[in-house]
């Protein structure tokens, strides 16, 4: 670890070794520089230290001017003690070990020791610390505390109050990180217990994190409950594909089946947190609705087919439609698949009608502030969409900026948002008034406009998402705000919300010159100008007029991970591998290109999207097929220099792509 | 040395609790003098007096006052710790009920010296009478320009608010009191060197002075008569100056508050309280439940003073002096003490939360006659694991009486554990024991 | 408690602000507003706010009372519940009888025979510590030190301390209390709220 | 017949028959061979053969599906899937029971680590050693096969 040069350093002696550490660094962190460890329970590097569990007690002394060392009479908590000049720390002395043993004995006095049935068993800090530092037997012969076990605190979180060691990590998480303060300690002394109000539903959008930070099995996942033990699991680093934030996660699987998602550290994106949508939203991997073999329509029936038969049918269908073909795609597809999808339509079939957007009015996103950059902003205007819902990790950054760095946050949204709690101004937009309010802000006359102007006057940013385009007048409102941002020197961010929507946009999965957009394509199906339609993991039946369009389309290919409403209309159904079942790269909302490797095998005959398109293209046009995603990435980089970082080995934390081709060229040249 | 009434001189005079009566007895001369002095001079005279905190820890008051920022960047706050909860102590209650203006004047002087414009008196919720007396006095002081804007035409502002607790011993700890005042659970906060001192970042992260009722009550006298005069009181002791109010209770004929000069012996205090009732002196808890118990022999030689008390391995504490007669079963007394701490532990840190409960469980077993061989040693071990390891002083305070009692009266514990019944066997001891513990006393 | 709930089953949720049934009287709201001026933030009003609620809700703090205080002070329900359950003088567990008799049994009172008073009360009222008489008249509690050791053994009833108590006195106290209509917890809460308020606040 | 032939071939044969005939005349108890499968030898107390999942006297399964046996298994031949007990369908005391419990006996090396690891004493290696089978699939012992029948 490099010492930050901007800070003063102090010299600290740890177990006889003198090192320089930044002044004020907590001792528990300083000892890590020497590869030592102070055991902790309540301490968490991303939350304020509290010194509750007393596991980190160390002996502390101070060097006196005459060179002698004066030890403090009592052991001190290493997790709350800032380093200062001449400090002497002993982490390995006999008395420190005795204290640790004492604390662990106390913690175990009321712990039920039901490790064999506890989901935390095997990855439990209390187990590990007891094994390393604890007593081998207990002297406790009295009655243990008895409290509710396996209480469902929410649909995701189970609470076992007997196992709780009252470290307060969960309580502090909801207080400091997610901010809704839904958990608090009730009662006091030995009966103290963390709980929601009256043990009612734990409604946080980030509740899954408390499961991960709980140092015992007091808070466990209802979804993962009894699914596996840690030693049964294999884990693969992955990127969450639930939304556009692209959180880094661990993808845990057992015997080739998905088991659970845990947060993985990426300081630039999610730090280590996950949202509930991401943590609990991946169960479709094991869904019974998964498509396993290609299906071809024979009359009213779907018949299982081989890939060759399916391709034959598709080629027939596409060729008969000529140039009247169109493609619509969802956004949970890796860059490689999207690239070939685009190439299939624009180069091979000669159609310009391709789109990935599903908002009511269509537009392109614009992102100037990376997620981590929000922390440094002086003022942020949140417009139109609820960040906790649409951009959960952006929300956490925003909250951190507001609560730790004093960023001024102005919230202007139709509904109540979680961000209101820390916003300096929270204003509501009336039904259908988005454009009016945006105009008001831009005009700068009203009270609200003045507040917004004040918020954005210096180093400001506007945060909004493509969901605003679903509101009447939303697209126009965004354009007004973009102009406003440009005028007052603020950064404008309209983050896309689909998992790889940014990738689709950069790769140009958009209608070409004279091509139809999403709504045009659907209309075209109805009017007969589009004869063949390819649905790539999307379901138009959820939007207006979708059913009708699918019914009118002469030839419909549905390619997807799971069955959907749209499947019923298809002529050919192709099973596709889910994100973690293939290699690929993903672009998150801040244009961060991240690589995901295959964790588990795709079920049945499913194939990754890129392979399906590669094979279809080969059947429509003689060409050199792609054999692996890396080759495709090279081809992408050749076509678009912005993707150059993806052509070589991506760093572990991913690489942020340039916004424009020119910038990428310039950056490459330099 | 006999009783030395300074704070309690007029405590029996109901007039003293009114502004008129207080002024007639020389009240507010201290504030008058202070307002004419430089702020630093006020602090210096408190320094010269050698006044030490009367809440239990005995920390020199002037260091706090002097440590506060001289430049005002944030509002400064004064807090009066009137959350008297220590079993055996009831001096603050009497001071607030009978001499409320002393507290108000002391705080106003402190407010002037430390440039605080706002003060809070945190009174424990049970003390409704004390609260009412303070309320009446504060309202009267406001009405007559002794509080509020521009006090006595000096241009100094000082507002005083009452905030009551709601039943928590832990809130007597200064940082827990601040948590409670800020509307949180009464849990202690990080202390120096882990966090800045309260004089730098206390209440709402602003510089804060927090002192006990008795400490503030001494201040008017120090300012009125001079710090040097105050320092002559108790000069026979090593480093304890002034007078101290002791709340004497237990088996004595005249329980009550007695103000004595430092240097008085414990036996003189017992004589003041009318001597023992119902039997010979067996033991004494000299400074509130938290301090180690001492036996009769040590009582004979104990001198009241912060350092002097340490010689008999006990402490002045908050001045809650309980004398116990020969019929008291020490095991049962310690059992009740342990119950107190198990009930009052806030639960923040592991050693205190789990340790106090475990100690109580063991002692409860012993008192029920189900003690196991080795229980006394286990108790001592647990006290060692708590003492100095807990987050705040409550853990230490819970460990000391148990460790102290086992050190001073080991034979009583051994007997109780071995025979399942108390060593003290008399009608009086039976009268003290709870119903379910009667078999152990018959 | 072993409640088996299938994954994904919605749990009962806390009431939304608009669903709350607010019970504070106008004067209580005025008192709370006056208290808000005593502190630089709203959070600090939680303790006094709970005292007001305890009075308004008839001597105890049901979950609705906690929710109302939280709503009025813009804090989360859980946080205010955490505060309310920390302090022993807030009755959060159940509604006490009309009169709460709190017996100090700590140290000085213990050695001065407080347990005999407990025995006498238990026998006289036919209930155990922590229980309420069937007619809902009395609840007896054991409390930690009331800091009136000079009057040991001491009882707290409403805002009054009574001591030193003897069995004969207990009879009289109980008889007198039967005639008092105001529940003691309400009386106590009211007294505590009143001492917070300055002349200027009233 | 040369001396070498007699020494290397005939003599051992004769000696061998000699042993056989001597044993033939001995009493039955002292004989080295027994008439398996009619006769069976007493097994040593710590013999480890086929696994059994035991029950409590109440009939509840001891196994709580903790998978510690699978973790301890050096051959990785145990597969456990746990599920939650409900009051209406209670298999074991406590929250958890094994919904699937499989041992691949082809892989098992009968080391007994699973037995050591088991916190409830559910899995034990008993003395049933006749484990031969005709199909490989038949060596996959399922929970139904391993579980001890309820004692009456």
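Labels for the chains are A, B, C and D, by order of writing; each one numbers its residues from 1.
By definition in this document, a contact is a pair of C-beta atoms (placed from the backbone, for glycine too) under 8 Å apart; a residue touches a chain by one contact, two chains touch by 3 or more.
As the structure is a computational prediction, the values presented were derived from the model and not from experiment.
Across the two interfaces under comparison, A-D and B-C, the one joined by more C-beta contacts turns out to be B-C. The most centrally placed chain, judged by C-alpha centroids, is A.
Averaged C-alpha coordinates put the centre of subunit A at 50 Å from the centre of subunit D. Averaging Cα coordinates per chain places subunit C and subunit D 66 Å apart. If you average the CA atoms of subunit B and of subunit C, the two centres end up 25 Å from each other.
Separating the CA-averaged centres of subunit A and subunit C is a span of 46 Å. The residues of subunit C that reach two or more other chains are 2, 4, 75, 82, 86, listed in rising order. For subunit B, the set of residues that touch two or more other chains comprises 168, 185, 343-344, 346.
Taken residue by residue, subunit D touches two or more other chains at 84, 95, whereas all remaining positions touch fewer. By the touch criterion stated above, subunit A contacts subunit C in their complex at residues 148-155, 180-188, 195-198, 200-203, 222-223, 225.
Per the touch definition, subunit C reaches subunit A in the complex via residues 1-5, 7-14, 63, 66-67, 75-79, 81-82, 85-86. Here subunit A touches subunit D in the complex through residues 114-117, 121-122, 149-150, 225-229, 231-232, 255, going by the rule given at the top.
By the touch criterion given at the top, residues 49-55, 57, 73-77, 80-82, 84, 99, 102-103, 105-107, 109-110, 139-143, 165-166, 185, 187-192 of subunit A touch subunit B in their complex.
Against subunit A, in their complex, subunit B makes its touches with residues 168, 170, 185, 190, 193-195, 342-351, 353-358, 361-362, 365, 372, 378, 381, 384-385, 388-391.
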